[in-house]
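Scroll down for the structure; my scribbles are underneath it.
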Amino acid sequence: MADIKTIIASRVAKELKDGDVVNLGIGLPTMVANYIPKGIEVIFQSENGFVGLGPVPDKGNENVDIVNAGAQYVSVIPGAQFFDSATSFGIIRGKHVDVTILGALEVDQKGNLANWIIPGKMVPGMGGAMDLVVGAKKVIIAMQHTQKGKHKILKECTLPYTALNVVDMIITEMGVMEITPGGIYLKEIRSEFTPEQVQAATGAELIISSDLKIWK
Amino acid sequence: MKNKTKTVYEAVENIKDGAVIMVGGFMATGTPEIIIDALVKKNIKNLTVICNDAGVPGRGVGKLLSNGQINTLIASHVGLNPEVAQRMNTDVEEDKLNCILIPQGTLAERIRAGGSGLGGFLTPTGVGTIVSEDKQVITIKGRDYLLEEPLRADFALIRGSVTDRFGNTIYNCSTRNFNPLMAMAADAVIVGTEKIVEIGELDPNFVMTSGIFIDVVVGGEKPWQI
Amino acid sequence: MKNKTKTVYEAVENIKDGAVIMVGGFMATGTPEIIIDALVKKNIKNLTVICNDAGVPGRGVGKLLSNGQINTLIASHVGLNPEVAQRMNTDVEEDKLNCILIPQGTLAERIRAGGSGLGGFLTPTGVGTIVSEDKQVITIKGRDYLLEEPLRADFALIRGSVTDRFGNTIYNCSTRNFNPLMAMAADAVIVGTEKIVEIGELDPNFVMTSGIFIDVVVGGEKPWQI
Amino acid sequence: MADIKTIIASRVAKELKDGDVVNLGIGLPTMVANYIPKGIEVIFQSENGFVGLGPVPDKGNENVDIVNAGAQYVSVIPGAQFFDSATSFGIIRGKHVDVTILGALEVDQKGNLANWIIPGKMVPGMGGAMDLVVGAKKVIIAMQHTQKGKHKILKECTLPYTALNVVDMIITEMGVMEITPGGIYLKEIRSEFTPEQVQAATGAELIISSDLKIWK
């Protein structure tokens, strides 16, 4: 069986539409690039300064002047463009990125997100995350449903916010959820789980779709 | 147009203890290592460094940090250099690092504003978060924005790929990042570059930073060895 | 990446009476004449045009003006097209041109803000002048600035020198001016270009406008004949 | 004898220092480029998008893609750079232009400038002038001392302002004046004129330098 990260990444990939400009966060979100459905062409933006991000080159074939936002050596595809950081975030804030996919420490039912700091413990900085979630047309959180059993999807975030009212969708190994004005709407559930199990793993009340799809 | 090439030691001659320095680069890609090395050798202290991140130990701004030369670091992300957390949490008062975190887009735009004579700008980024503390919130057409102020420095250290003797510079691929912004936002700008060419060799359509912003050109930057 | 080339008539199909249109170019250098010609032929009316200037009679935006298609012109300078003054001062109500003048740097920056998701910016330009009327003055470190808001349009018509089929564009020399800014600040963007090349032919270091902003690519622009 | 415009332009050119980045307005100021002293190298900025503006090309040798801010065909020198309008005005407002030279309808003793509109009569627009005078390190007004005998240098401008407190120096066919906190300081006078004549042609009280230089 595929591992949890692969399950999540491959499901997230199905949300992408042909022609979308997409920014992938570090870690699990980066894996989404490996599962783009056939016939769908997606253009990846890298916030350190380019559109048209391509695959990781083979060892020995790296161009040391091309790194992604996680400082890995990557490549560009034909039709790419490099630019400076002000232009890059102009693209991001200016709604030219269709989808941004990133991880979270906590998400709440209002679509508030916390993913950049655990006070007194981990202070990595927000990097481009605050701009990305505010600027992208659609924000998808790709993460494991719980952190060692502890709820990450909450009524209200307890950690400092990355941004307010920005999350559109949460995809975990348990299901696909949409943030709606009424709360968190469970749209699709993975066949391994029951709605009760997903609810138990969630710190906010879920609205279970009357037309709940099963995700195999 | 003037020939601005100098040795790296001449280039850093005026940088003193307590200087505010912008350093180009993203996780050290696009950071002028030879200028950083000269600052490490010079061992000036109490620097305020403005850089996207803290580099990596042994690379870019990370070298200045390891050598205890940075008093204040203004950056967007420091998680990939473990020394930052160590120095932020040290009990040795004189080693303590003051780290100011700014969203990456806001950092880039503040530097651009500093170089472009703007008094500030309104960004939706950071509204409702810690970042908004002590900042003015201005509502335009029903949406809230933070008023962010410009950022400038005494020196900017930038890294070119090809530079002519006047300072006109081209950056290769993702080495561009903060370099062209910082080149406009400091009182003195030093470019460390891989290849120096004669004035007139670069196509004026493709020059990314004009030599009018550059004070000193230093050759000898090398591609990073993996 | 997609091939976005279309005929000029397909390109302007969705532009209707009353549209707000940004047009690149500075005194028509850098204006897409073939797209302007198609709009003249289509004869849509009541346009709001955002352009640095009014072009010249018979060239650029000047053609739309002569044909009575512009209701409101937002520009920085209109002195080199005598038709503007005529139309501003006409007694024929339906021919009357509403002309809004904005300092050139503020116009450029407002368009950039519109394309970059900023809520506005603070500029020292225009403080104490007519330009400041009805605008908020904000004082930062003792200096007064005007708060200027972003500008966007329904359509942007830009002119490229070399464009690939996806829309990646390079501008030659001083044809660049407002084009890259407008390409980011409109809901739909049409580039008229001199030379169309295949995707991958342009060096990603030197592309000036990414195809991600472009909706339609139209070939057939010609160098201006003196 | 040289005509008045040549006299003014050639005197203005002496104010430029080696290495200065200079923006020249349309008309008389454009002529300054013809009189740069030997041994002085000046770099001209053109607000429509480049630094390194060069001479007007011979007829038949024009590059139609290179025009200056007055829409004339020009050229660029080796070491030039083209950029977009936002960058151009970033350069201008950001104090990267050392000197801007332009004409005026009126200048007053506080350094206020009016040069873009005569209400009800002439409404050409301000173009880049408002940004240039606010942004350049030094603002030199190059103009004829009076308009058909009517004062242009005044106690207080009567026309709408281009900007407040921005003019550093006024150079006319009569002399060289500096705007100081105390008022307009006549620093240099052309040998054809007496201080009384210059004062009579000026609508504000002049402070005559005790060390008044004669400009021949």
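Letters A, B, C and D mark the chains as written, and numbering starts fresh at 1 in each.
Criterion: a residue touches a chain if its C-beta (ideal position, glycine included) is under 8 Å from a C-beta of that chain, and two chains touch if they have at least 3 such contacts.
Remember, predicted model here, so these are calculated numbers, not experimental data.
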For subunit B and subunit C, chains touching each: A, D
Farthest chain (mean CA position) relative to subunit A: D
Intercentroid distance (Cα basis), subunit B paired with subunit A, Å: 29
Inter-chain centre distance, subunit A versus subunit C - centres from mean C-alpha coordinates, in Å: 35
Interchain centroid distance [CA atoms averaged], subunit A/subunit D, Å: 55
Junction residues of subunit D, two or more chains touched: 50, 76, 82-83, 89, 92-93, 134-135
Contacts with 2+ other chains: residues of subunit C: 109, 112, 117-118, 123-124, 171-173, 204-205
Pairwise touch network: line, ring, star, complete, or other: other
Interchain contacts (touch definition) - all pairs: A-B, A-C, B-C, B-D, C-D
Footprint of subunit A on subunit C - complex, ascending: 1-2, 112, 115-118, 164, 166, 168, 184, 199-200, 202, 204-205, 207, 210-213
Residue ranges of subunit D in contact with subunit B within the complex: 19, 21, 41, 43, 45, 50-52, 76-83, 89-96, 134-135
Contacting residues of subunit D [partner subunit C, same complex]: 46-50, 62-67, 69, 71, 73, 76, 82-86, 88-89, 92-93, 117, 122-131, 134-135, 160-164
Residue numbers on subunit C that touch subunit B, as the complex places them: 109, 113, 117-124, 138, 140, 143, 145, 147, 149, 170-173, 204-206
Subunit D-facing residues of subunit C, complex: 26-29, 52-53, 56, 75-80, 85, 88, 99, 101, 103-109, 111-112, 123-131, 161, 171-181, 208, 223-226
